[in-house]
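You will see two complexes here that share subunit A, one where it goes with subunit B and one where it goes with subunit C.
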Partner chain A sequence: MKISILVNEGPYTHQASDSAYQFTKAALEKGHEVFRVFFYNDGVNNGTRLTVPPQDDRNIQKNWSELAEKHKLDLVVCIAAAQRRGILDEGEAKRHGKGDGAANIAPGFRISGLGQLIEMGIESDRLVVFGD
Partner chain B sequence: MADAAKTPPAKPAKAAPKKFMYVNRRAPYGTIYALESLEVVLIGAAFDQEVALAFIDDGVFQLTKGQDTKPLGVKNFSPTFRALGDYGVTKLYVEKESLQERGLTIADLQAVTYEDENDGFKEKPSIQVLTRAEMGAIMQKQDVLLNF
Partner chain C sequence: MTMLHTINKSPFENNALSSALKHAQKGDAILLIEDGVYGALKGTTASGDIWARRVDLRFYVLSADLSARGLAKGQLIEGLNLIDYAGFVDLVTTHKSSQAWL
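Let's turn to the complex of A and B:
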């Protein structure tokens, strides 16, 4: 089955991101295709490389990045939601004059528009929403 | 005509549009969910899908008339609902029980209308009040439910 995932909450405060990660991992292990994972609302905060959680806790961002690398997952962060919350890639950091090194998008994530969310609703057999 | 035999390869049939429903469950202010839901609706309207909005729980407050956000210092986005008709978004379902539980009636909601191009561009109301059971039945028919 072709599945897409929408994550609407940030890491740590809410269970949503952990659940979405576990669901995505399980779906891939079962042999399903994951068309895309889209991060919206505070969900975009899953895609910053700057989180430093305690060492005895899970690293949610790293979990996503590693899963993306292993399975060639498409992790997309909504641009409008990301700009509100200070998640930038190189291009956006430059465009908004935020200075060198301001880009904080984590490995395996990319920033794109809401059209990507609609597209995955159209293209997938199931769109599973994780939120509060 | 020799060429007539060479029929061009059939174009892949255009997939039928899917039914998208945006489920608005939260008050318009206090959190960003209502605003960011509306942003998805506006972008999504360009994709030629069947779109409906559901307003349940505190989400019914999103459509109340006379919203004034000046003291809050945040943008009042409620006029945007009245523009949805121009985007081809003409189905705004409001749950009757959610209204009643909050002491509201349809008279407390702003008028949202659209021009029906299949009926001489007659102006028609976009808002329909449905019972909880009717809302559930409509949700069951959707292909994609986005919860905000």
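Let's turn to the complex of A and C:
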């Protein structure tokens, strides 16, 4: 079955990012297709490569990036929510004059618009929401 | 057209569980995750709400979130089902849609 996931809460806040990750992993292990994971509101903070959690803690961003690489996942960060929170890719960093090296989108994530959320709702058999 | 309702907050924190129970239709599934698992405890002021719907709804508790909080099946309202993340995925695919009561 084609499943999409919406994450509305930031990492290390309550538990939504962890739950969404575990759910996504379990869906893939069961052989389902994960059409897209969309990060909205504070959820966009899952997608910064600059997070450096303590070594004995889970690294939520890295978990997502590794899962994306392994399964060719489409991890999409909402552009408006990302800009408000300082999540930029190369193009956005340049467009807003933030200087070289300001891009901090994590590997496996891409920045796009709300249309991607609407599309995944249409294209997927199921949409599962995680948030606060 | 059955629906899966997910609740991730304790009934002592907000009214997500009671709202879900008021809206859920016969045959729907209620899944308690994260702090929502506190709603599964027996003998609390909130237990009666689940007990009242035990016949026409099915109740599930995510076992990882239960054990993370030091809780065990013996402390839960009778008739609830413990599931893992694979079981969560199955609930999503076997119901027409899912509603997160955030």
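Heads up, the rule we're going with is that the second predicted complex is superposed on the first by the 132 of 132 C-alpha atoms of A that agree within 3 Å, B and C clash if a C-alpha of one lies under 4 Å from a C-alpha of the other, contacts with A are read in each partner's own complex, and residues count from 1 in each chain.
Just so it is clear, a residue touches a chain if its C-beta (ideal position, glycine included) is under 8 Å from a C-beta of that chain, and two chains touch if they have at least 3 such contacts.
Worth saying up front: this structure is predicted, and the values here are computed from it rather than measured.
Undergrad: Examine A:Gly101 and indicate which partner it touches, taking first as subunit B and second as subunit C; both and neither are also allowed.
TA: Neither partner.
Undergrad: Subunit A residues in contact: does subunit B have more, or subunit C?
TA: Of subunit B and subunit C, more residues of subunit A lie in contact with C.
Undergrad: Applying the document's definition of touch, where does A:Met1 land relative to subunit B and subunit C: first, second, both, or neither?
TA: The second partner, subunit C, only.
Undergrad: Going by the contact rule set out at the top, does A:Gly131 touch subunit B (first), subunit C (second), both, or neither?
TA: both
Undergrad: Quick check for you: in the superposed arrangement, does A:Ala80 touch first (subunit B), second (subunit C), both or neither?
TA: In the superposed model, A:Ala80 contacts subunit B only, not subunit C.
Undergrad: Identify the partner contact of A:Pro54: answer first if only subunit B is touched, second if only subunit C is, both if each is, neither if none is.
TA: Touch partners of A:Pro54: none, neither subunit B nor subunit C.
Undergrad: So, A:Lys30: does it touch subunit B (first), subunit C (second), both, or neither?
TA: In the superposed model, A:Lys30 contacts subunit C only, not subunit B.
Undergrad: Tell me the contact category for A:Gln15 with respect to subunit B and subunit C: first, second, both or neither.
TA: In the superposition, A:Gln15 contacts subunit C only.
Undergrad: Using the superposition on A, tell me which residues of subunit A are in contact with subunit B and, in the other complex, with subunit C.
TA: Shared contact residues on subunit A: 8, 127, 129, 131.
Undergrad: Subunit B touches which residues of subunit A in the complex?
TA: 6, 8, 40-41, 80-81, 113-115, 117-119, 121-122, 127, 129, 131
Undergrad: Which subunit B residues qualify as touching subunit A in the complex?
TA: Checking each residue of subunit B against subunit A gives 15, 18, 20, 32-33, 36, 39-40, 43-44, 46-47, 49, 143-148.
Undergrad: Over in the complex, which subunit C residues touch subunit A? Could you list them?
TA: 6, 8, 33-35, 64-65, 84-86, 88-90, 92-93, 97-98, 100, 102
Undergrad: Inside the complex, what are the residues of subunit A that reach subunit C?
TA: 1, 3, 8, 14-16, 19, 22-23, 25-27, 29-30, 32, 125-132
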